[in-house]
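Following this message is one structure expressed as structure tokens.
Every chain is named by a letter (A, B, C and D) in the order it is written, and numbering of its residues begins at 1.
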Amino acid sequence: MLSVFSVVNQKYHRSPNHEITKCPYTSLVVVDVDAEVVANTRLSADYNVIALAAPAIASDVKPGQFVMVRVGTGSDPLLRRPFSVFEILRDERGRATAITLLNKRVGVGTRLLFKMERGHVVPVLGPLGRPFEPVEPPIRAWLVAGGVGLAPFATLAETLRTRAVDVTLFYGGRSATDLFYVDWFQRLGVRTVLTTEDGTQGERGRVTLPLERALRSIDREQPIMMYACGPEPMLEAVAHLARRFDRPSQVSVERVMGCGLGGCYSCVIRVRQHHGGSHFVRSCIGGPVFRGDEIVW
Amino acid sequence: MLSVFSVVNQKYHRSPNHEITKCPYTSLVVVDVDAEVVANTRLSADYNVIALAAPAIASDVKPGQFVMVRVGTGSDPLLRRPFSVFEILRDERGRATAITLLNKRVGVGTRLLFKMERGHVVPVLGPLGRPFEPVEPPIRAWLVAGGVGLAPFATLAETLRTRAVDVTLFYGGRSATDLFYVDWFQRLGVRTVLTTEDGTQGERGRVTLPLERALRSIDREQPIMMYACGPEPMLEAVAHLARRFDRPSQVSVERVMGCGLGGCYSCVIRVRQHHGGSHFVRSCIGGPVFRGDEIVW
Amino acid sequence: MVNPVDLSVRLGPLELRNPVIAASGCFGYGVEYAGVVDLATLGGVAVKGLFLTEREGHPPERIVETPSGMVNAIGLQGIGVHRFIREKMPELRDRGATVLVNICGSTLDEYVELARILSDVEGVAALELNISCPNIKEGGITFGCSLPGTHQVVSAVRRVTPLPVIPKLTPNVTDVAAFARAAEDAGADAVSLVNTFLAMVIDVETRRPELSNVVGGLSGPAIRPIAVRMVYECRQAVKIPVIGMGGIASARDAIEFFIAGASAIQIGTANFVDPFIWGKVLSGIAEYMTRHSIARISDLVGTLDTTAREQQWTSS
Amino acid sequence: MVNPVDLSVRLGPLELRNPVIAASGCFGYGVEYAGVVDLATLGGVAVKGLFLTEREGHPPERIVETPSGMVNAIGLQGIGVHRFIREKMPELRDRGATVLVNICGSTLDEYVELARILSDVEGVAALELNISCPNIKEGGITFGCSLPGTHQVVSAVRRVTPLPVIPKLTPNVTDVAAFARAAEDAGADAVSLVNTFLAMVIDVETRRPELSNVVGGLSGPAIRPIAVRMVYECRQAVKIPVIGMGGIASARDAIEFFIAGASAIQIGTANFVDPFIWGKVLSGIAEYMTRHSIARISDLVGTLDTTAREQQWTSS
């Protein structure tokens, strides 16, 4: 009897090629997984990496995409929280079984994720959003991460390194204790350039300082793609440098998101239109990754 | 600077003899303990016993008193839930360190308590309410428990047995799988009379059946005190039997409680007044234990 | 064997295959959700509020979370009625959606013009008149908070369209039932309620409003008990059907509105939390009806029993 | 060294040692909480609403929990003003409580009579006029929902008492600021708001209302964003001080109301959840003021900055 209510549209829902033109950005197979917490590693007083068993998402997600996590049990907190997929975990046969999130404790939801014990089950919706477009050699990739903005770069770096792209990570934090996974990127063959605001690791100052120097010194003939994720003023600075040095960039923005699926219009960012002028684009489906020069800062 | 805000009234708060006449019912030292879950034993699909580290409450609570437990983290669920103190746990030196609750899963809050993992911290307010008045020999004590109404009788039976009172527990449940701790009571020297509605253990039917028989057969000269806790219609039936057989009774009622401290007037029950008539009494401070003949059913 | 339950509803001239409708502004133009839910399985899709022309909406921040709710001031960003008809209606028709177009105007003429335009569009099932958006100064709230205004806009639209007309009432009034009556008198086919409650959140560290628009509309489970009361009041006051909403997040909540007197319900905020809610609510309603031997959903509507209760004793 | 902050407030003629008041109906007659909090450390204690005579209140169920809130229909069970004066006032005086007596009447004369009686009682600091209780048919809501009614009852009480007169406004109206103005015009010394929102919850299994009174009043964090907006509106509309409440459950929430324009605040429902909240809120306010270099609490009141925001970049 209940079969009349198989509301989930298997046809559209499962067909990976459907509607590719009409919804160019959103992932075509969005699923909601009751994901068990399989590990939760605290990196510092504020940062943790939480691993969630979600094969359907892990096997489908692309670098730069995000998930919406329901952190609470009742209706407070109510809304899901968006998180970039940090790592994809695989079983011994190489099958993607879980994702991890790099979580920074800033409020009620991220605090719940920070404390969450193994065995807890959280609904995870995804994969969502427009991913980064990975380049191919000879283009070099410069990843620019501010703080927790590192998150989408683990999978992006892996994809790029698989393609043998030359990758540099410019990574800035407040302090040495806010920089994580540096070895991990280095082992992958990623060059790392670190900055901290207090000078406790790498160069003292903002991550845009070494970035600007690098832009100045690199051969004009060498094509590069800049990828940036972090606080918006940093993204703006990167986009600005990109324009000054006439280099392309892709930036992943972080807007407050109510739904992650284009339903609420909360997550908009001002984007230039072809014919001049600008309009508000929903960053959950039109982004979170945009070309740096598209955005009106 | 903040010392001007030592709002908790140490004077009244700590002095056990203060206001004994004006607030005859409430416990005089009410504390709110951030209690760690030290054990959670599932007894069946619906029942569990959860142990909470709360020395200040454990060392002070009297049989029949209750605590108000904050089960959620955000504001949904909002209100605390009332629970009778089931057991008092002691360390090797005999100091009371923790209390347990006998929890039955019936809704959102009790479900959270059912699932709660060790290490979780829950605020527990208490001890609260008017306790049972334990009798002395030669008076015999008949405890009448319906389902989770067993909870206050563990500590009551201990107290009574310490006084060498002859104790019988009439204990009814839906089914054999709903009866717990029967051995425990037997080891304490408590006679047990069991009933289940489906006849899977003890007598088939309600607990008032053997109770009525016992009332009928016991020597009129033998003084007894009946204590009852369970669903309200059961309490009513017990009070009714008590009146018919002209025996005293104490019943512990379960009303929906908003605060547990007399602040909200949600938990009222109709009680007879000395001069005739009746009025609504707050069962959180006027009870939860009442004389069976006080209550207007 | 269990007989299938009948979920179809009739709201005056409007027939829906079931009583569960996606609330306006919480489901985009519907097409955004085509990958998650088969639009044809919904009772209806109330699309995002449309003006005659495109609107940019308010700058961010546009939403802020509150205890069991959220406050939004999107400011009715939208593509306008013409682009909607061109760009969205074909796909909505293709997918078999029952489309309720939520229309907004700054003036009476705009409502009339919108109604006229949409009356000729194939696949538009009904007009929901947004006379209650609290987020824009010029918007319909001036109609929605005055009884003559409500009567005026409903009758004006009524005169120009054969489509079912469903004014959507604001809860920010003293006596919502009076507005339902005004709408009924003016010829509305049904009323829907509630829209959001005017609300505000302040960032105490910066001492600024969290929303760029300063105030916005509160929705979500927090408002449900008020919305249920209002639906109940309207149900007593009018004969036309009431479409209820406000904080519905489960089959239980939907059923609560049916019992209070809603002939159909809408789900808004909860779709953000769980875009797969639709199947869960529909099957939950069917399960409830089966368990309570209710054959037709209409048999459940308005069945609140306000006589005193009695208690039963079973061992627990 | 940090200077102590000044928390004292002046609400017209009423001086409070700090701006944190226990809300009426959520703190019994105050004495119930004497074992938990030193009543003298509170800004004030608004005692449970009093009629001239004893009242039995509604039968249970009287409360039901809702998402981030609760709906109550206690029905103003109470001991009446005479027993209150005899049985509770002496202890409240002894304990140094600043007592706001919340009074309710079915008629104008009852309010006047109550005000007269209480004017002669030592230790009564102010009268809070409950013209907004949604739970009883004959109650003040008939005054609270009509502008002339509000003006009438406030001026009548004003004429007979030298005590500060603080009408408590209902949120169940279209324009709460108009009611604040009516109260001000009639000579009120301050207004307090919000009382509860008329609401309803249905038990879907029995299809009966959860509350014996069918409807009740919604309180708790759920309503906070609406209450903040209403306090903000009233602050713009009147010169007399506004006492804000509705869902305050932390120092942050209290501060939000101060910034919106409340000169003092009340805490109701949150006291049920945490009866030790008082010290936490007071010390949290002091900590905030110290951190923001705000010497006097009055310097915080009504300081909402509605100019557009700018962003700052720090690595995060």
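Worth pointing out:
Assume a contact is a pair of C-beta atoms (placed from the backbone, for glycine too) under 8 Å apart; a residue touches a chain by one contact, two chains touch by 3 or more.
This one's a predicted model, so the numbers in the text were calculated from it and none came from an experiment.
If you take chain A and chain C together, the chains in touch with both are B, D.
Distance from chain A peaks, on a Cα-centroid basis, for B.
In this assembly, the C-alpha centroid of chain B lies 46 Å from the C-alpha centroid of chain C. Centre to centre, using the average C-alpha position, chain C and chain D are separated by 33 Å. Chain B and chain D have Cα centroids lying 34 Å from one another. Among the residues of chain D, those in touch with two or more other chains are 67-69, 220-222.
Annotation for chain B: residues 74-77 touch two or more other chains. Taken together, the touching pairs cover every possible pairing of the chains. Taken in their complex, chain C has these residues touching chain D: 66-69, 71, 145, 172-174, 197-202, 204, 206-209, 212, 214-215, 218, 220-226, 228-229, 232, 247, 252, 255-256, 259-260, 288, 303-309.
Residues 74-76, 104, 106, 146-148, 172-174, 178, 197, 206-207, 230-234, 236-237 of chain A are the ones that touch chain D when the two sit in their complex. Contact residues of chain D toward chain A in the complex are 67-68, 221, 311-316.
Taken together, the chain A residues at the contact with chain C in this complex read 1-2, 4-9, 11-13, 18-19, 22-23, 26, 28-30, 32, 70, 74-80, 123, 125, 255-256, 258-259, 261-269, 279-280, 285. Against chain A, in their complex, chain B makes its touches with residues 72-77, 108, 112, 117, 119.
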